[in-house]
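One chain, chain A, links the two complexes that follow: it is found with chain B in the first and with chain C in the second.
Showing the complex of A and B:
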């Protein structure tokens, strides 16, 4: 993400947020991740940037578990959105990540005067259809926050059209020990029909967690995949 | 789809190298028995199996079919001394299946050595031969060879297949180098080394169609040309081969000007015999993959023209 060069402390803060999301998804800790990280709302730009990097997944526990987000967290989420708008020349992944945050906000915001309208038009996803399976999977893994049950968008539809290709990308990522990509692809696969049964996805996700799960960003995607599979939210 | 000429040229150059380096297929009759005389038969067996396919396949072109036949005749007459070395090997290790395995392709092309045949028939009768411990994939190969020889395979090929890694179509993300070679060899045995692609059961063909593209991608990037070549053979055995352009282009580019194919990354240097021992196999595989892929590409063109 283009904002990620703002501070050498950013990766650590992003990991802290991811660890908080994992904990909340597992149901072991109901404190909102951001609140665990900062006690008050005097969030500095580092935290805002970390929230922007984490993106819509920061509120994934609320989406999946159908719980209301903490007010502080919601406010911070909104501020991060406003602080880092996509530029005219931003890559599609940045635009989609931004779009996913707005969609999540619209879904979780209580109705009322603070609400700011509908989700804006979708960014372009036309390149995904022509992308080789390796590139498709890499892109989808970056956009794993869009892999949410019950939500449709152009990226979801592109993924649905190519379940075997995404499965191949999962295998490729595991073979190359790119655990972040493998976990993100695995999360997408939980949403797709037509995944070859020989893939062994569930054992594969356990393997990804075993090998790469000490990185909370990997653990977040694996846990998201499990939660999607368990269907606790429907 | 890959340019058929590019695929074809890889095989032409590989066979020229094999022919000009044919003396490298050598036995060591005076080797210490503890080291094992039979070990050096393996390259000759591989040469015979693959050259037989090249000779029979026909698409290799007149020059290649001729070279393949001459290589086989050289291996029989010079390297094996008309089969006498196979007889010797059988006397050193009577229960070993290696002399029989090396013999079979020569026999299919008309060479004969009755002592080996009698030993094969006798071994086949023993429980020891079917109990002989070997990997499941090699066991499948031995059953297939018994069938090709005219014996009733012990165990039957379907039973032998069931024990292989490939037959169980396991998680594709667990595949590493050794497993990949088990996969390619199971396919070789199921298809009689590419002669009968329809020997692949549909579920295995479907499994390979799903996952072979990943393995090609992987070992291409690792520049493991020997394994990549074997995977390209597997591709050519599928009902719908991909003839993967990226893999074939890189494979062709890895081949040396004289036709040699390095096993891994780039060509080794040093003693010519040692270099031969490292590169003869990937070069043979290159000739093999080229012949099968050319054949499939041409039949697809013919089908497209007819429809």
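Showing the complex of A and C:
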């Protein structure tokens, strides 16, 4: 998150958004307070960038709990999507995160004249099948927002074909103390069949939360994994 | 600089490539957990053992 040259305010804003999502997933308010506060006064530009970084997970509580998003939150989400399109030379992960936001928007926006159309074709995911398990896990963790029950895409199918590799990646991330990656991988594993029982996934996620849960972005992934496990979306 | 770069810069003070680096960050160097964390994991892991296997040796500095 702490990339040299990026706005120093961006990480904190992203963390604020993530904390709001965690609260909503735990049964609190469904609109992160920062969104409601700022969006009501006109979304500022830093917030748009933070929404783009948070991506589809900003509306994860609405997807899992099947609730309608706050109107201003949806408008902000749409603006961030339009403000930061992938570039011609953007990496697949950038294209996928943008695609995931469009898919979420299409799922949640109400039908009517304001609706912009269908979800566009999926970006390329062919590299995932040939990727070493370490690379696969890193990419899946970056794209953890795609790990949503009942949603299919090429990334989901690639993950489903390699549950043992993702399990190995989860262990590797824990041992490297990369809590963000471990939490993202753990969220994927909650969706997959064929995960070795010896992995101790739930205890592992508890440990990830214990060690890295003060970062709201880590807490978001852990809470998402628990929500998926609990089947709150059913 | 592409047009999207200019637009991103106007919006946030961030260049598009900087924002993309946040969205798809390079993997950080590994830091292996210490014995205190192993003990914490042992307490929380119940009957499983995979995560408790000895840490991978640190690479030797040449």
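Some observations on this one:
One rule holds in what follows: the second predicted complex is superposed on the first by the 218 of 234 C-alpha atoms of A that agree within 3 Å, B and C clash if a C-alpha of one lies under 4 Å from a C-alpha of the other, contacts with A are read in each partner's own complex, and residues count from 1 in each chain.
The rule we apply is simple: a residue touches a chain if its C-beta (ideal position, glycine included) is under 8 Å from a C-beta of that chain, and two chains touch if they have at least 3 such contacts.
Computed from a prediction, not measured in an experiment: that's the story for all the values here.
Judged by the touch definition given at the top, the superposed model places A:133 against chain B, while chain C stays out of reach. By the touch criterion stated above, A:46 is placed in contact with chain C alone, chain B being left untouched. Of the two partner chains, chain C is the only one touched by A:181; chain B is not.
By the touch criterion defined above, A:91 lies against chain C but remains apart from chain B after alignment on the C-alpha atoms of chain A. Once the two complexes are overlaid on the shared chain, A:68 sits clear of chain B and of chain C alike. In the superposition on chain A, contact is made by A:200 with both chain B and chain C. After overlaying the two complexes on the shared chain, residue contacts for A:211 are found with chain C alone; chain B is out of touch.
Looking at the shared chain after the overlay, A:171 reaches both chain B and chain C.
Among chain B and chain C, the chain that touches a larger number of residues in chain A is C.
The residues of chain A shared by its contacts with chain B and with chain C are 171, 174-176, 196, 198-200, 203-204, 207.
Remark: chain A residues 133-134, 164, 167-168, 170-172, 174-176, 196, 198-200, 203-204, 207 touch chain B in the complex.
Taken in their complex, chain C has these residues touching chain A: 2, 4-5, 7-8, 11-16, 18-25, 27-28, 30-33, 37, 40-41, 44-46, 48-51, 55-56.
On chain A, the positions that touch chain C within their shared complex are 1, 3, 5-7, 10, 14, 45-46, 48-49, 52-53, 55, 83-85, 87-88, 90-91, 93-94, 97, 138, 142, 171, 174-178, 181, 196, 198-200, 203-204, 206-207, 210-211. Against chain A, in their complex, chain B makes its touches with residues 169-173, 175, 207, 210-211, 213-214, 217-218.
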